[in-house]
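Which chain is which? They are A, B and C, in the order written, and residues in each are numbered from 1.
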Amino acid sequence: MAAPTTSPSLPPALADAVRDDASLRRFLHGLPGVDQVGVEQRAAGLGTRSIKKASKMWAIDTAISMVDLTTLEGADTHGKVRSLAAKARRPDPERADVPKVAAVCVYPDMVETAVKELEGTGINIASVATAFPSGRSSLKVKLEDTAYAVDAGATEIDMVIDRGAFLSGRFGQVFDEIVQVKHACGDAHLKVILETGELATYDNVRRASWLGLLAGGDFIKTSTGKVSPAATLPVTHVMLQAVRDWHAQTGQRRGVKPAGGIRTTKDAIKYLVAVHEVAGPEWLTADLFRFGASTLLNDLLMQRRTQLEGHYSGPDYVTVD
Amino acid sequence: MWEYAPAPESRDIANLKPNYRMFIDGQFVEGAGEPLKTVNPGTEEVLAEVSTAAPADVDKAVKAARRAYDRVWGRMPGSERAKYIFRIARLIQERGRELAVLESLDNGKPIKESRDVDVPTAAAHFFYHAGWADKLGYAGYGPDPRPLGVAGQVIPWNFPLMMAAWKIAPALACGNTVVLKPAETTPLTALVLAEIIQQADLPPGVVNILAGAGDVGAAVTSHPDVDKVAFTGSTEVGKIIQRQLAGTGRKLTLELGGKAANIVFDDAPLDQAVEGIVNGIFFNQGHVCCAGSRLLVQESVADELLEKLHARVSTLRVGDPLDKNTDVGAINSREQLTKIQQLVETGDAEGAERWTSACPLPDKGFYFAPTVFSNVSQAMRIAREEIFGPVLSVLTFRTPDEAVAKANNTPYGLSAGIWTEKGSRILWAAQKMRAGVVWANTFNRFDPTAPFGGYQESGFGREGGRTGLEAYLDV
Amino acid sequence: MSDRISVAKTYKLYIGGAFPRSESGRSYPVVDAKGTFLANAAQGSRKDARDAVTVARKAFPGWSGATAYNRGQVLYRVAEVLEGRREQFIAEVAAAEGVAVKKAQSLVDTAIDRWVWYAGWTDKVATVLGGSNPVAGPYFSFSLPEPTGVVAVLAPQQSSLLGLISVVAPVIATGNTAVVVSSQDRPLPAVTLSEVLATSDLPGGVVNVLTGRTAEIAPWLASHADVNALDLTGAPESTRADLERSAAGTVKRVLRARPSEDFTREPDLARLRAFLETKTVWHPMGV
């Protein structure tokens, strides 16, 4: 196992956890279990929060600022990425006060185009890498994939973990890959995609979350968006508990990114409520929470108009990019 | 910081009337008692004036119930009774929102609880028991179990509509008629239930609902023509009723107080345990007889758990019961608030360590901030007496045997909680608990199919399930 | 008639598996139906009752925690030993109740059969009275009958053996332990039953038998805080309401006397249910 390069000051208990394969396994299996019914009930309960008026407006703007505006299609073209970038810069052309999104998220070969379009805007360029979405390739290819995106100007890398290795209990291998990808990222921030839809249990989500954090991930991210189920509230809940507990033990704040399946303002607000009440209000910033989404942004814009104009808006009043 | 804007449910939905009358023999009538004013504990304003019963009214209600029993209900085929009871279930669902808002106004509980727990559970109880009415011969009490006659029922203020349902539904299903007295501070939803019973077209006298204070309750429970008494409330009053009924041969069931232990072992799913602890003691402001008011946590995880618990309890929103975001509503009455305050002071005086949520409290109304006492010992009053408020006492243990011994070290025995990931330990601990309901890796779950009731001084008899029918049958 | 002088038995209390005299040192004469002296029986006191409750409580965890199969075997063993003492019981019942030998035979046979009937219930009662609850949610919920604890039994005054067995067997079949006050004027079959219990495999303390004045001992049991339930079957009518009032002090379960209960009739489950609690357990279902 490679030594983690990003967390030199881990407290002794955590430093010990990553000493070797066996300690890592012991640590991950020693984490408290997650009761499925309990966590789903809690998530559903928080989902009944009723966010109105000023608090809703604040939530909409905050959510917009947290969007990683994403296109990850085989059919992506430079034109598509250019228009996505335009949308990111000015989400609602008629309303200049709309915050800009946090990032655009593209495949590595589209990074260069995105960089060009977003220069000077402060919007981050996120690129998926490491043989996204399956992660089924050699470590060498994954590292080259990462380097390719970083060299092209990506400021954030969304990597996938090797779920096969994780499910067969080779935690050390998963850990090493994350450490090495993190190294390849240089200054770029690393988001570690757990692909929770393939991990099957909340216990696994908790273990994978800690694995990602121990290996130095700046964010842990639910999904690629290519597997169903993608992000869910209870899964995000478990991941928020992980970053909260990580903070309690290390003093460091790491981020969470649910991705895939979050399409409406109502959904987004439920996630923000969870961030607020599970991780804490400090996490209500794009530095620590992101939405991986494409269609969500337009619904947020539509609801924003509804709030401001006092009547319901329609899809023709927001731009389709 | 993100402040949630107020999101109040409209009080207009409650269709609040200035005056409420009692329901006797199918009619809404004025009682000869001194009318009472019911107060919104969330704001301290008077909600409505309610007519109450004098002894003659109790007599009238019992006579009406007797007549209805002799002439109609006692001899009606079960299949016909069933249809009436199904109607009640449906009408409660139809008027669910109205009942929920009214309940929160009168009781002070958060609207999310009255909406998501009290009202649906009340409807479910009628729906479940309706189905029993024509199947009693299959319930294991012989081929043709007979009803008892007139049931006198007195219920508390913590779940006013739900308790009415728990009482009325099985009584009717088994063929009894009913005289019910809701609590003095929360009579409104029971009287709207009377409207529902009228809308369901139940024969006059089958259900009679009185209002008033303890004296009316005592008149109901001690009435010589009542065949069966069912009481939910304090152990103190339960004992008085049991004494009253001594030698009369009248059947009695009691659902009384509790001081439940919620045991957290070191291998528990801690985050869900925290949720369960919070739900166990802060649900319904802790006004729950089966509340998990004694937390027993294994020493090796005590600090970690307590830290998580404090953080979680700090997020509880205390305030306007009608606000959809309120987690903890108002204490039901000034009297109860005073009682909680007094017991909490004994905790301070006896040396327990008090932690109180820094949540803001409204200026008006009866509120008490969620409070957690640690370093509590079994000898302290806060570990032995039912506080019936949002106050948790935390004790620690070292071994499973010690946990069980401490959990059972109380004259009560209503409920218990167990938190551990180890299956065999769950079953072991569940077996050792001297309590009528044991929740493992969950807490405060209720269902009409699941019998509920206590050991020892928590009362006797069960409500719900096949077992609950025994209370209303002559077997 | 033999010239031999028979060895007369001393009839004592049965507490915690031992046969002590009353701590009070008192005894009272027991006569047959015609008034002829039979023996002196120990006249139990409130302190004897207290001691009996202590040992009954001590025996409760073991007896209630034994497997139902084991309890069934122990109770069946009791029936075997009862059968061996059949002749003695017939003589004692005939003397005590003033019935003809034939009638006494029938009463004793029914009593033994009744014991066998209850012995068979130990491992069936949970199936019949318990079950799973189909709750509306992702939980498995089940309810089980469990013994209520220490039961004070005031045995019937008339039916000295059949009545006694009919009230004691259901109490212990369900896992409770018992403190029994025998028929006041017809206590000898109860003492002989104690000897049977002592020589079966029943653990000491599960059944404790006090002879003496029911009206004297019963109030102490009815008010004893460590007694969970009270069977009033043999309580003198004038004392019943008071005993019930006393029992309310710690919310005891009270089985009231049924007017002129006929013990020769086949029983229903009422006595089995009377001293059972229902425990409902919930657990979430998830992965």
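In this section, contacts are C-beta pairs under 8 Å (C-beta built on N, C-alpha and C of every residue); 3 or more make two chains touch, one makes a residue touch a chain.
Predicted, not measured: the structure shown is a model, and the values here were computed from it.
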item: Graph class of chain-chain contacts, one of line, ring, star, complete, other; value: complete
item: Pair of chains joined by more contacts [C-beta pairs], A-B or A-C; value: A-B
item: Chain occupying the most central position, where position means C-alpha average; value: B
item: Distance from the mean Cα position of subunit C to that of subunit B, given in whole angstrom; value: 36
item: Centroid distance [mean C-alpha coordinates] between subunit C and subunit A, Å; value: 69
item: Centre distance in Å when subunit A and subunit B are each reduced to the mean of their C-alpha atoms; value: 44
item: Residue list for subunit C, restricted to those that touch at least two other chains; value: 139, 284
item: Subunit A, residues touching no fewer than two other chains; value: 35, 37-38
item: Numbers and ranges of subunit B residues touching at least 2 other chains; value: 441-442
item: Residue numbers on subunit B that touch subunit A, as the complex places them; value: 1-7, 112, 116, 267-272, 275-276, 307, 315, 324-325, 421, 441-442
item: Interfacial residue positions of subunit B with respect to subunit C in the complex; value: 124, 140, 142, 235, 238-240, 242-243, 245-247, 249, 254, 256, 411, 426, 430, 433, 435-442, 445, 447, 449-453, 455-460, 462, 465-467, 470, 475
item: Parts of subunit C lying in touch with subunit B, wherever the complex brings them together; value: 128-129, 131, 133-137, 139, 141, 143, 148, 225, 228, 240-245, 247-251, 253, 256, 268-270, 273, 277-284
item: Complex contacts: residues of subunit A adjacent to subunit B; value: 32-35, 37-39, 41-42, 48-56, 58-59, 62, 241, 248, 272, 276-277, 281, 284
item: Subunit C partner contacts - residues on subunit A that touch it in the complex; value: 35-38, 40, 200-202
